[in-house]
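Structures incoming, each one as structure tokens.
Two complexes, one shared chain (chain A), two partners (chain B, chain C).
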Partner chain A sequence: MILTELVDRMGLTPLTESIGSVPEIEAGYVGDLLSHVLASATPNCLWITIQRHENVVAVAQVAGLTGVVFAEGVRPEAKVVERAQNAGIALFSSPDSSFELAGRLHRLLHPERS
Partner chain B sequence: MSPQAIVQAAISRGVDLIAVTDHNTAAMVEVVGRAAQAAGLHFLYGMELQTREEVHVLAYFDRAANCLACAETIYSLLPDMPNVPDVFGDQVAVALDGTILHTEPKLLVNSLDLSFGETLDCIRSFDGLPVPAHIDRASYGVLAQLGVFPENTGCQLVESDGALPPSLQNMTRVCFSDAHHPDQVGEVRTEFRLEEASVAELQVAARGEAGRSVKCMGE
Partner chain C sequence: MQKHTHAPKESLCLNYTVRAEDVERGGMISSAIKTAIKKFGLAEPVARRVGIIAFEGEMNLIVYSNDGGTIRVCADAKQIEITVKDTGPGIEDIDLALTPGYSTAPSWATDLGFGAGMGLHNMEKNADRFEIESRLDEGTTIKCWVDRRTDDSN
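Then we have the complex of A and B:
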């Protein structure tokens, strides 16, 4: 499913401006330990986390992740958003929990498994 | 940071004991140590280790050999993930004159395959002094990463940006600059009253015994 459609249907608030290309999201990943995400997340996934440290962007870049959703109303600092914008990583925020967001994402990506 | 820049910054700001605690590596400790000692500073060899739970722990050693031996052991416990210089920087170790001695290929900004407790044990097995780093920070501090300070760690000294919480009043607070740039050297400092700059003396000072003491400046 393309990112813009997912964002819409999941009710996410964009924190970065769209960069023009419309990436396809293949999977989701939930994790707050950066070293673990670096080792385990797959490319082109939407990462759901409550970790707001600026290394989030570095990890998203290296792991080839399409976007990061900050759950539970967590907001990264302006410098993190700026770094993400420059790196082409889409950031989003949601007041909902990682559990809720992951459930929603899974239903959207795999309606046949619901 | 260049060894000379660190040493000059310390001297100009009236800091007379420094330690180098690079992330998961001791590649620069001997070079900086020699520069520091040549300039009349007291020096401790160190590292900042990152546990599996992403807790940062400072490690201090009296001798370069112990620090380097610990570094060699933990190197094998770092994942075999290559550095990405564009994202994380070059990871270079330099000589006193700035020539590059070594470029580390493994990503150092990573977690060791050691729990918090195992990390403390590892440091002590090389006669080092473990000090949990910036325990009150939102990321990479033991309180944020583990929720509570684990019991029976044997830690007396802890590094904290702010005052210790009531539950940790029996511990001794230290605060350091965590300088990543020479400008930051000495911005935050701790005053130690010691017979000499050694791990054993730090431990006595932590207990406030025999006239030794520890005091975070600005308190």
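Then we have the complex of A and C:
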């Protein structure tokens, strides 16, 4: 499913401006331990986390992730958003929990398993 | 007499210094490394592996080293060599340090999501060849080699 449609249907608030392309989201990952994200998140996925520091952008960039969703109303500082914008990583925020967001994402990506 | 000429070998070498406890800049060097080697011509799957190795090496220097350290990345037509070096404190039990989940990270690092005990494991997993040498009070050197054979651009 393309990122823009997913964002709309999940009710996410974009923090970065459009990253230019219309990427396809193939999977999701939930977690707050960065090495686990590097070990297990697959490229072109949407990562849900409550970590909000700058290293999150670096992890997303080296692992080839498409975007990061900050759960539970977590908001990163402006410098983090700027770094993501420059790196071509899309950032989003949501007041909902990681559990709720993961459920919604899974239903959208895998309706046949829901 | 036949004259042999050799075209210069296409290669790239990058050197970085990482400061201890410089979490704020953590990941910047590994991001720069991934960008540079992609520009050098490596495809995303190989650049991703190098980026992950560099990130874990960079964070290890930030979280655990006494005085920071260095990261050197050299790429040629065959492979990419990543060397991460510090001058202490050294690892007491390398086998234990390589065990997924084992960590001696301080709480300031774990609060930020580091120190999950997966760093060295991730480096080893993403490398085609992995070497680690460590002496207490002297330092640790980690070398990883990633083959370009899976690189579609070759």
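Brief remarks on what is shown
Please note the rule applied: the second predicted complex is superposed on the first by the 114 of 114 C-alpha atoms of A that agree within 3 Å, B and C clash if a C-alpha of one lies under 4 Å from a C-alpha of the other, contacts with A are read in each partner's own complex, and residues count from 1 in each chain.
Just so it is clear, a contact is a pair of C-beta atoms (placed from the backbone, for glycine too) under 8 Å apart; a residue touches a chain by one contact, two chains touch by 3 or more.
For clarity, every value in this text was computed on a predicted model and none was experimentally measured.
Superposition model on chain A: chain B and chain C are shown in a clashing arrangement. Annotation for chain A, partner touching more residues between chain B and chain C: C. When the two complexes are overlaid on their common chain A, residue A:Ser18 makes contact with neither chain B nor chain C. After overlaying the two complexes on the shared chain, residue contacts for A:Gln61 are found with chain B and with chain C alike.
Once chain A of one complex is fitted onto chain A of the other, the partner contacts of A:Pro43 are limited to chain C, with no touch recorded for chain B. In the superposition on chain A, contact is made by A:Leu34 with both chain B and chain C. Legend: residue contacts after superposition of the two complexes on their common chain; A:His53 is shown touching both chain B and chain C. Overlap of the chain B and chain C interfaces on chain A: residues 33-36, 38-39, 51, 53, 55, 58, 61-62. On the chain A side of its complex with chain C, the touching residues are 32-36, 38-39, 43, 49, 51, 53-55, 57-59, 61-64, 87. Remark: chain B residues 50, 52-54, 79, 81, 84, 87-88, 107, 109-111, 138-140 touch chain A in the complex.
Residue ranges of chain C in contact with chain A, taken from their complex: 23-24, 26-28, 30-31, 34, 44, 48, 51-52, 54-56, 59, 112-114, 116-119, 121-122, 125. Interface residues of chain A, counted against chain B in their complex, comprise 33-36, 38-39, 51-53, 55, 58, 61-62.
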